[in-house]
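Each chain carries a letter (A, B, C, D, E and F) given by its place in the written order, and its residues are counted from 1.
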Amino acid sequence: MIIDVHSHLWAPPELNAMGLNLLGSDGHYSGMEPTIKDDRFLDHLQVLFNALDMVGTEMQIVSPRPFTMLHSRGARLVDVWTRWTNNAIAQQVRLAPGRFRGMAGLPQVPNEPIERVFPEMERCIKELGFNSILINPDPGEGTCHVPPMGDPYWYPLYEKMIEHDVPALIHAASCCNGRETYANHFITEHSIALLSMIKAGVMQRFPALKIIVGHGGGSVPYQMGRWRAERGAFPDLGKDSIKGKLNESAGTFDDALRAFHFDTVLHSPESVELLIKVAGCDRVCFGTERLGSGSQINPVTGRSYDDMKPDIEAMTILSDADRHKIFEGNARRLFNGLPE
Amino acid sequence: MIIDVHSHLWAPPELNAMGLNLLGSDGHYSGMEPTIKDDRFLDHLQVLFNALDMVGTEMQIVSPRPFTMLHSRGARLVDVWTRWTNNAIAQQVRLAPGRFRGMAGLPQVPNEPIERVFPEMERCIKELGFNSILINPDPGEGTCHVPPMGDPYWYPLYEKMIEHDVPALIHAASCCNGRETYANHFITEHSIALLSMIKAGVMQRFPALKIIVGHGGGSVPYQMGRWRAERGAFPDLGKDSIKGKLNESAGTFDDALRAFHFDTVLHSPESVELLIKVAGCDRVCFGTERLGSGSQINPVTGRSYDDMKPDIEAMTILSDADRHKIFEGNARRLFNGLPE
Amino acid sequence: MIIDVHSHLWAPPELNAMGLNLLGSDGHYSGMEPTIKDDRFLDHLQVLFNALDMVGTEMQIVSPRPFTMLHSRGARLVDVWTRWTNNAIAQQVRLAPGRFRGMAGLPQVPNEPIERVFPEMERCIKELGFNSILINPDPGEGTCHVPPMGDPYWYPLYEKMIEHDVPALIHAASCCNGRETYANHFITEHSIALLSMIKAGVMQRFPALKIIVGHGGGSVPYQMGRWRAERGAFPDLGKDSIKGKLNESAGTFDDALRAFHFDTVLHSPESVELLIKVAGCDRVCFGTERLGSGSQINPVTGRSYDDMKPDIEAMTILSDADRHKIFEGNARRLFNGLPE
Amino acid sequence: MIIDVHSHLWAPPELNAMGLNLLGSDGHYSGMEPTIKDDRFLDHLQVLFNALDMVGTEMQIVSPRPFTMLHSRGARLVDVWTRWTNNAIAQQVRLAPGRFRGMAGLPQVPNEPIERVFPEMERCIKELGFNSILINPDPGEGTCHVPPMGDPYWYPLYEKMIEHDVPALIHAASCCNGRETYANHFITEHSIALLSMIKAGVMQRFPALKIIVGHGGGSVPYQMGRWRAERGAFPDLGKDSIKGKLNESAGTFDDALRAFHFDTVLHSPESVELLIKVAGCDRVCFGTERLGSGSQINPVTGRSYDDMKPDIEAMTILSDADRHKIFEGNARRLFNGLPE
Amino acid sequence: MIIDVHSHLWAPPELNAMGLNLLGSDGHYSGMEPTIKDDRFLDHLQVLFNALDMVGTEMQIVSPRPFTMLHSRGARLVDVWTRWTNNAIAQQVRLAPGRFRGMAGLPQVPNEPIERVFPEMERCIKELGFNSILINPDPGEGTCHVPPMGDPYWYPLYEKMIEHDVPALIHAASCCNGRETYANHFITEHSIALLSMIKAGVMQRFPALKIIVGHGGGSVPYQMGRWRAERGAFPDLGKDSIKGKLNESAGTFDDALRAFHFDTVLHSPESVELLIKVAGCDRVCFGTERLGSGSQINPVTGRSYDDMKPDIEAMTILSDADRHKIFEGNARRLFNGLPE
Amino acid sequence: MIIDVHSHLWAPPELNAMGLNLLGSDGHYSGMEPTIKDDRFLDHLQVLFNALDMVGTEMQIVSPRPFTMLHSRGARLVDVWTRWTNNAIAQQVRLAPGRFRGMAGLPQVPNEPIERVFPEMERCIKELGFNSILINPDPGEGTCHVPPMGDPYWYPLYEKMIEHDVPALIHAASCCNGRETYANHFITEHSIALLSMIKAGVMQRFPALKIIVGHGGGSVPYQMGRWRAERGAFPDLGKDSIKGKLNESAGTFDDALRAFHFDTVLHSPESVELLIKVAGCDRVCFGTERLGSGSQINPVTGRSYDDMKPDIEAMTILSDADRHKIFEGNARRLFNGLPE
């Protein structure tokens, strides 16, 4: 089974249209959740079914489309909007249970305790049957300070994840800092999250925690030499030379990195290869985000950038067992409740 | 000649010690520039000479050590401190003119016009004989909004660079946002700078501009698929499918990226290979930052991470002519005044 | 002809759905204007046609639905979103030119000069054929200081209105101050705007200016005694009593108020009667906002609250000539380009 | 007995003069409470006695003159200044106990818990003999966020009112937002307070609570149609029409409004009539604020605007019993300790 | 003639009482300038005449009472309040022209150009006949950044002073920083003003400028050793010792200080002696501020602290000529228009 | 024994140089404490030994050089930098235990509880053998609000001082307000601290507390008349005159001041004499800060300004017993652990 661990809600426009009204009313429209009839929703899903059939994806873990979650726009909006969005995901899963599983969006709000997301998280797991969550490492969306993911601020969430045995996909949302598009902010924030968690030893503290760092780990696999060096010892070059170690962290950086999982949403075979070399086959999960940022046509191949299955199948560095891990095995180790 | 385009000042502690006093006095000590005797300075440089000889580097372009430049700490400090630092670089070059050339630090201050750096920039070029400049793409150091490098805010600087025919190394400085170390902020900011300049078409507007993006272009070469896709067209997947192009930029992203240069300060051969594949041999310059972030010993090789010359010499994807470009040729095309 | 001077865009959800994406992308999706097919739009309009036929409204002046305009959410959003919205209004008018005329939304942004709206305002008038504009007296939407409408900040807009001979409907938008719903913020802001313009003598300075204060003038007609008194002289009550006048404005407050126009969007016959008594028949224009805030069923009458035509027809204080002014005559004096 | 429930302190200038010094010294002059001799104070009161006699008012409930209370100017000032002001009210009442009763000002300070006012409130009730309190719904005076009066922030105050069986007059104070005069800010804030309390169901939660909304309820009686409609159901107009209810509040808006009391300080007979129609005779209390905002001469009548007794006596919609309620009966139900 | 160069307005409470109303109304009461009858004002002045006669003061230069000027409370207040205050000073001078001269308060507002005070300054000089001005070196009153008095921000004021040949008394006003009382803020700010002007060479740039630093120059005469040392050269104490000069200002600090004048408002003979030693008899002017901060009874002497005449007369370090300078001569050199 | 109670660390530049790196790295270099070899440090101390021998100082209490402590620059920096600095003081003391004792710097951080300094304070006392502490009354360094030293915020520190029986020298650090140099900020802040503690009665509440106010008490001894008067009673000057007392503090201001100690770091004999007159011989401790702000050569005497021993020896107001107190006796009463 080809399992795509990184995909987003494909709802009819009625949902986002009422989302705008909710925002415009500053939460006053909280009682106006849109009701989308099942046949209307199914009709809208045909395009997605078609797109997945074209590339051979059989199962998608469906999370909210991150850049529309608006975590920095106020609690009154976020609470309602996250609930509506998760309900729409549940509807999508219910309409095609053989193709989708739900990954819960969390009503994260900057400057509020992370525990605020627990009721909605547990509603999604217990009532809606979701098997995973999406974490925005920067709910401030570039507008204010949020503790990085190695900070104890986040530990209650890690404990709650372990309690329910659900993995998380780290995925930033919008970006309002006026310097980056949201598309680059993902890369920035996923790198910060990963480095912060490694520095704080989060995986040593919570060995049962399951984390997938979205978009191939941001910049970290490419900048590995930098982070490996930071753990090394300076040579003695004589009088007044630099001595000692800047960083007393135990173990190698490579070991620390391999406590995490990564998806393949890089839209480039060379980069996926580098990722596999750095993180190892046991730690890379097939992900495409289709339909999404990579669905455009690559003029070189004539296929969509997010059609990565042929590329992975063609990689000579992989054995068949390796490929199985990437396409299915690793995902099955992480996610509960997948169909046989 | 092995030319290292990315290295930093190696001054005795008297300089930074007085820098701290300058900061503590909020600029009141502006008249107390430290005078370091030449023999004291030369004695201190022996460690660096030793380190360069060990790895075969023959020439370094010397810029301020970025994370000590403190651009976000106020104009009173920055003006004096940048001048003192450039003077120390000039002394280092004067003491070993066969091994060093000067790259000027700029007294950048957030929320002030970029033209404020011109007097010091021209002093360095005309009076101190420097042949290049260091640009901090985020003089706010993570504390406030600075226009990204594609913004017209920066154009007067580009014009001034062309007027004097000096290249710039893009290199962030400190980071005070409480989420990243300065070491990761470099990666974040170099990515933002490069993407912003590409989106704004800066190189099309200023074809004579010479830009080196430090630390191998941040995350961009690794995330190439993402940026290539952003320029592509969505396929028609039937009713209600996404259509059209998100981004109307002309030309391919690869072409746009190859208008820039990149250094090899990645401390990892696999990543340097990826960079060369993406940017091409004409656009990659040897750089090590030695002594610096990569001087620690790699336990796997027994050599320092920043000792990249053997790795590049061993790359099978490169011809001798390619290697010459990387080690020397590209640098000679960019920098004036290098010795034969 | 029954002319409703106060109504809002009735577009299919595709518009607002893409508006949310535009917001989430912080303006990055500026090239993704939704294209709504004419038959799709016409089909959607049937509900509105039905609703207007039920109450006998023959012509509506169509403006953006104010609370969705998001003026306080940043210039990158506002510029694009206003243009898309005006285009949708133009499509609605084009699809039923006998029933609608366009009133332009303006890309107002707090802390920017009002002149920034001129290009879009003139595009709407000249290219889209609109005959009026909607002014948000508080583009800060309760989040920051905006000069009140008597301030010279607004005078260039008044001159531009006179230049094109277009009237304006004063109508606030969203409210994010956490104290009022947007529905009450309208009342607050329309009152502030009217009192500020009266105090500053705007209508004396710009006699050709045409202003309709939405929702019956906010609180002002009800609080008339307060404002009349503020212009009066204190009586001499003996030693140490208050003397003199607090306010040296010329003329009576009633005269000053009657330089403005008002709509009847009060959803209550008693209040409309008070408005007519205070402002006079020459200054009140029929307006319903249908479909909108008053379309709910009044259990007392069994009709919608916004079905005000029977109530006005039943008012004994009005002559037939008075009623004609309110239903049609005053609007024809204000708006150009209405069909015969 | 003609009872005016809304009037303000009439003290000699020594009080406010020392208030300015207290402000200028940022509270340093806290020990300099002005001592005004009784004969000096009585002499000063003659003007007020005269003014009341002219219009037939027999009893006034005397509160601080709101716009001088300066709640947003810092706790050091507010604590002392409120105490001095209440002491002056107590002196005024003591000097003419047959004509006055005291209504306590509260040392409200934005961003501090409402419980901070309890000691001064209880001092006024227990030691000074006051029978009511004045609540400023916006102690931030337009400069910062204050929770609206439906927020649980205020509930401890409601409980304390019930404990002592004292009614409150809602009355805003100064306004420093640069958009409204304080005179209009009263209208804005009284409307916000009333709508917020209705929406939160405060009167259902605290049935024994006695609230008078000053200045005739702000804009709410005039905008009744708007708020009635908000509780109604949309009609079914066919495909895609709006359905359901925006607001699930129980009961009619009219019922909710009639849980409050209102004064007649509107300076206009037409508006008082509208108020009586909307709120009913049981809920309207005679109030004039004389000497105050309406004491100027109305050129039409030759009487002061605040001389409303003849107007109410002339209203044909009222029976004698109704008039008695408005002039005296309702006040006696609300206020303890009034003389026979 | 005994001339007191430092005294403040002695107005009846009607002035400050209406000042509070002006503040409370946020400037709305700008038309309510209090009119104080001459006999009422004269009656009030008897206390002051008595107090001056007791100590032998014959002439006072009368300025606003600084801590009541409220410069940080907004331009709408400051403009009106300064004008009212200056008018009251003019009335005091007019009522006793043989005893008083007027020193103008300035409508200083932080974050606005200093030129804003010119119209009121010139009105006072030309229309009201004042001969001097009062400068608040910190119109922010401890709440925001104001450029110190050596900054070019202030130069237009110095030029305007020279144009009209009027001296200025430097005198801070209120203090709202929560750390100092206004009484200590005077000392802090007068010290900052003096040191800033010395460092910037203001008196060298404007030799005709006449400045009196209030309250004996703050802390500067006492801390003279500190400022003298700052201009000296460090001795050579051998290897690595401090060398050179921290401060390259020309001339001695004593010379720089003696370009200013100082008053004797120190309420302590020992301190006045230190001041005279440091500044010299030519630079010290008699000042008492009576009635004011020093009018309390000194239990040691039985006289008021501000009764300094006997102390100065008793100082053995002074000749008769010296005393004449202090009591009269220096003031006559500074102030125009004093009676013979 | 001549004991100098006010002197600062004299470390080689390696310390401050690494301090700058620590700052530039925003605390990331916390593991890079500089190790200075004892012979290197001793060699550097020769200049200081020489300087002390020249003036006859036998013992110094050594604290951090205040303006380099950077308390306002963030907790990550302050914690590490304070520890490094105290360690360097310990090394200086260990290298010359007959000449030095350690006074601990505290890791004060604005907006954090004062208790945060206890671990480092106790480490210095218990592990490093220090006998006193340095308190910065303004760790905000002019950038934010810090409670003044009379505020209960500080009481836990006073209790901890008493628990360990260690005295404190009050000494401000840097100043970043753009109005004062740090050198003047010392004077400002020491005055605020002293007046605040007197007003709050801190010494009455904590009789065992030992406080030395640095730099001769700031401005307070010079402005004594002002503070004495503030406690006095106004005389009765007839009708409407000021009466009563502004300040109800018990006892005289002189008594209150003499509960504190003061050093002689005034660099001026006249000022030291005034200090001794005001505070008394029992309350003044010899202090020079040599090498430091007064080490420059006084051209009048040919000696350094900080060479105050001859001046004190020459004062005719002092007996030999008085001089002994100042040079040694008072210090021995305050400081434990001084050598015989």
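We adopt the following convention: contacts are C-beta pairs under 8 Å (C-beta built on N, C-alpha and C of every residue); 3 or more make two chains touch, one makes a residue touch a chain.
Since this is a predicted model, take the numbers as computed values, not measurements.
Visitor: Chains in contact with chain B and with chain F: which ones?
Guide: Correct list: A, E.
Visitor: Based on CA centres, what chain would you say lies at the far end from chain D?
Guide: Relative to chain D, the chain whose C-alpha centre sits farthest away is B.
Visitor: Considering chain B as a copy of chain E, what rotation angle in degrees (nearest 5) results from a C-alpha superposition of the former onto the latter?
Guide: Going from chain B to chain E via C-alpha fit gives 120 degrees.
Visitor: Starting from the Cα centroid of chain C, hunt down the chain whose centroid lies farthest away.
Guide: That would be chain F.
Visitor: Regarding the chain C and chain D pair, does the interface count as same (over half of residue numbers shared) or different (under half shared)?
Guide: The interface of chain C with chain D is built from mostly shared positions.
Visitor: Mind checking the centre-to-centre distance between chain C and chain F? Centres are C-alpha means, answer in whole Å.
Guide: From the centre of chain C to the centre of chain F is 66 Å.
Visitor: For chain E versus chain F, what separation do you get between their C-alpha means, in angstrom?
Guide: The computed centroid separation for chain E versus chain F comes out at 32 Å.
Visitor: What's the distance between the Cα centroids of chain D and chain F, rounded to whole Å?
Guide: 55
Visitor: Could you tell me which residues belong to chain E and also touch two or more other chains?
Guide: In chain E, residues 178, 181, 183, 245-246 touch at least two other chains, as defined above.
Visitor: Just say which it is for the chain contacts: an open line, a closed ring, a star, complete, or other.
Guide: Here the contact pattern is something else, fitting no line, ring, star or complete shape.
Visitor: Would you mind giving me the full set of chain pairs in touch?
Guide: The list of touching pairs comes to A-B, A-C, A-D, A-F, B-C, B-E, B-F, C-D, C-E, D-E, D-F, E-F.
Visitor: Under the definition above, what is the set of chain D residues touching chain E in their complex?
Guide: Of all residues in chain D, those touching chain E are 12-21, 23-26, 28, 67-70, 74, 173-176, 178, 181-183.
Visitor: Which residues of chain D touch chain A once you look at their complex with the stated criterion?
Guide: That would be residues 244-248 of chain D.
Visitor: Quick check: in the complex, which residue numbers of chain B touch chain E?
Guide: Within the complex, chain B contacts chain E at residues 29, 31-32.
Visitor: Once bound in the complex, which stretches of chain B touch chain A?
Guide: Counting only chain B, the residues touching chain A are 44, 46-47, 50-51, 54, 145-148, 177-181, 183-184, 187-188, 191-192, 195-196, 215-216, 218-219, 221-226, 228-235, 237-242, 245-246, 266-268, 270-271, 274, 277-278, 291, 293-299, 304-306.
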